[in-house]
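Multiple structures follow.
Note that chain A is present in both complexes that follow, paired respectively with chain B and with chain C.
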Partner chain A sequence: MTTPGSSGRVAGEIATPTTPVPTVDLPTLDRDELLRYSRHLILPEVGVEGQRRLKAARVLLVGAGGLGSPLALYLAAAGVGTLGLIDHDVVDVTNLQRQVLHGTSDIGRSKLASAADRMREINPHVKLELHETRLTSANALEILRDYDLVADGTDNFPTRYLVNDACVLLGIPNVYGSIFRFEGQVSVFATADGPCYRCLFREPPPPGLVPSCAEGGVLGVLPGLIGTLQATEVVKLILGVGEPLVGRLLLVDSLGPSFRTLKLRRDPTCPACGTRELQELIDYEHFCGITTGGELIHSELTVPSITPLELADRLASGGELTLLDVREQHEWDIAHLEGARLIPLGSLAESLDSLDPDAELVVHCKSGGRSAKAVRQLREAGFTHVLNLDGGILRWSDDVDPSVPKY
Partner chain B sequence: MPVTLNLPAPLARLAGERVLQLSGATVGDVVSDAVTRHPTLAPRLRDEQGQPYSFVTFYLNDEDIRFHGGFGAAVADGDEITVVPAIAGG
Partner chain C sequence: MMHTEAPGATIALTVNGEPRAIPEGSTLADLLGTLQLDPRLIVVEHNREILRDRDAYSTLELVPGDILELVHFVGGG
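Let's turn to the complex of A and B:
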């Protein structure tokens, strides 16, 4: 049995794949820590040395949201010595259905301040490094280079490609997790020999094609499941035990439930980890089809629009407008605009005959994404007077009628 | 030849079922069969040239089809194709 302060482990005691954490000059554990981590210490695969490795480890959590919550809670509890968190958001009431790192009294606070309070309460031995900023191409390499491991819990494609490329360039393993509705994906990218995110998805979908969780919804428990799997991979990598999810993609379907593992290979043509032609970080908003102002790049993707205030004026002055709601019935049941007609986007094609081609249509959805698609579809079908309601029902509630509930 | 196509939840909603039993000699044939039966799946499974998108990965059993000839990859009786879309939620 190794004792605190001693270094080195008997060779062959556990299978030890390369760990990204230095294994010499490990910090010692004090009496409080020995007691706190006793359930780890009595696991032969962890032991005192494993716990000291955890203490030596520096892990960056990108995002303190749904996936970041279980990552932060469990990695702090497990005694990962230094946890970095990067996020620039504030806690919103709609986060609380899944982001268990934050509580009701934290609404309006910075997520990092809220996270730090919880994590210090869970384990005061952990050193926190809070990066209250947006991760960008300008700061990513500087921030990431100080860490042994990165856990990606972001909620958008540009940041996912940014985290991937930065990890590949710096040679830092990226413990990836991603969720949508009832399903999730987990893998470990950017290890010395393994594939990266671009080997799985070479390019991002065009903006608007894949709805965000804000638009498409997500089961509240799901990030708990996926983020906990990510936390498990982080701990395994630090300890050098088990088989890390390198070269494998774990697909989780919470409805089945089913867990499937698919093979992932390094793509020799991958510009990041294959040909290595990607030598520096790029403009990821542009790569994902968005300009820095959040506008869509391709003009064919932008559609004529009207703001909620303009629409309210038109309606107040007796304008002849048809309000077309392209959300789903279950969303309509939560809130809808008076006088609107519901045709869910998926059944718009077969309902075109029921619409007057000469009428002026104002199409709306929750926040403006699906309705923009509907506007394009209607214009292609020959409707000429079609406008998209900017910001959808949410902005209508903000700007015109707060009695329409937001969701 | 009967081949199983596993759809992710958003596409399963369009098709009305999670798992489709289809036929074809290649992955591309099987995708065509799916699209014939469920036309709303067409723009979600392949681009206008009939090729897979770079953000939707097809697995034949547990292998990425890009390393086995893409939509031209041959399928056998009882094979399973899984559609893995890029998702970004967190």
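Let's turn to the complex of A and C:
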């Protein structure tokens, strides 16, 4: 079926400097699509031509979590013709506070199965390509090369560097978004003449020092804000309208609230997009100081430790141990270990005098990151019998005492 | 907020879009210390130039009118 010739083709009016989507041999829209997208079609900046471009576009969403949720929902609704999703996770109850792609009845299901159901319900015209796998250096080029655009909604640094480098190598724009607590960042990297992620963040931060959302928390609404900004950039790039966030980093603070943009330039010394000495994908886990098992390599955070089961044995056999909890009061109020003493990490330095330097200390937090820092701090202060509780209170709940609630 | 008291004691610069006064002679490392920022966890843009060498922060003396952007690593999604 062809589009009505009188429907206001506005190709001449659309400012189309660059669009990564082919602009010839565009697919046509059927009657249902013409009606469905009517609010787009009456925008001169979109029109039938623009909507056909959206239909022709192939966009890969990396991650079907917090940022992936609004990306998937809005890009499906907007009529992006082919949406790829890559994720290998299952829906967990703690996701639902922000990952609006999934519902309570989806707990335990694969995120992609859950996402696909929701997206097909929103728009059956969209073709979905589900990649139920982990994105790795071995599969990234093969998966990404079929797409016009990539939207990065991953939750870890190794994958962010991997997505960036693969996009640079393939020449695919990377619509970047990231979130933590109340703040987020958005940009468009790896376009033909703009900077890439490494032009800003050349090297990853030391392993374990930047808390994840699981450790530091994230406002549930925030991925909605940042992910919809990413979706907006995707649509703008496909249509070739407006000013894409190329060479600019949008910094969002939801508490201010403030939206600031920072100008970025391509760095001629950037190993990815500048000198191009990076000619193939590398081992990104290693690059970020993490083993493939998720453990930290050569990190200052590798400290002497004890597992929850070992600790339970020691306590059961009457071991003289001091349990030190270095989380915050509001976390203690959710769950804590019997007999533990609370000294939040931030006030540990001023509380050292109240601890017996000869006692055996077992330090714990939620999952083991903060307590590892505390162990290191205590050892530097001369405490010699200090152990970190591996996996923190979460693993204690899994392995020893399920009556301790997880959060 | 910091206030200028003795003339010449402080200099004015812009940090993340906001005006800020710091003691004259402060280095970038001093400022990050005051702000309690771990230099390994941020990228510093100094007068539109991204600084690549974190070891140089302690010798970079800030001067009036400097414009600094301190960008955190944010990895969540």
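FYI, the second predicted complex is superposed on the first by the 392 of 407 C-alpha atoms of A that agree within 3 Å, B and C clash if a C-alpha of one lies under 4 Å from a C-alpha of the other, contacts with A are read in each partner's own complex, and residues count from 1 in each chain.
Just so we're on the same page, contacts are C-beta pairs under 8 Å (C-beta built on N, C-alpha and C of every residue); 3 or more make two chains touch, one makes a residue touch a chain.
Quantities reported herein were computed from a predicted structural model and do not represent experimental measurements.
Answer with first, second, both or neither: which of chain B and chain C does A:Phe182 touch in the superposed model?
After superposing on A, A:Phe182 lies in contact with chain B but is clear of chain C.
Contacts for A:Ser367 in the overlay, against chain B (first) and chain C (second): which applies, first, second, both or neither?
neither
Quick check for you: in the superposed arrangement, does A:Ser114 touch first (chain B), second (chain C), both or neither?
neither
Have a look at where A:Gly346 lands relative to chain B and chain C in the superposition and call it first, second, both or neither.
So A:Gly346 only meets chain B here.
Of the two partner chains, chain B (first) and chain C (second), which one does A:Leu255 touch, if any: first, second, both, or neither?
First partner only.
Tell me which partner A:Gln230 touches in the superposition: chain B (first), chain C (second), both or neither.
Once the two structures are laid over each other on A, A:Gln230 reaches no partner at all.
Enumerate the residues of chain A that count as touching chain B in its complex and touching chain C in the other.
Touching chain B in the first complex and chain C in the second, residues 63, 65-68, 152-157, 160, 177-180, 183-185, 200-202, 204-205, 210, 212-213, 216, 218, 223, 249, 251, 260, 262-263, 267 of chain A appear in both lists.
Using the touch rule from the top, collect the residues of chain A that touch chain C in their complex.
63, 65-68, 152-157, 160, 177-180, 183-185, 199-202, 204-206, 209-210, 212-213, 216, 218, 223, 249, 251, 260, 262-263, 267, 269
Going by the contact rule at the top, pick out the chain B residues touching chain A in the complex.
Touch list, chain B to chain A: 8-10, 14, 40, 53-55, 57, 59, 62-64, 66-67, 82, 84-90.
In their complex, what parts of chain A are in touch with chain B?
Spelled out, the residues of chain A in touch with chain B are 63, 65-68, 152-157, 160, 177-185, 200-205, 210, 212-213, 216, 218, 223, 249, 251, 253, 255, 260-265, 267, 346.
Would you tell me which residues of chain C are touching chain A in their complex?
Touching chain A: residues 16-17, 38, 40-41, 43, 45, 48, 50, 52, 69, 71-77 of chain C.
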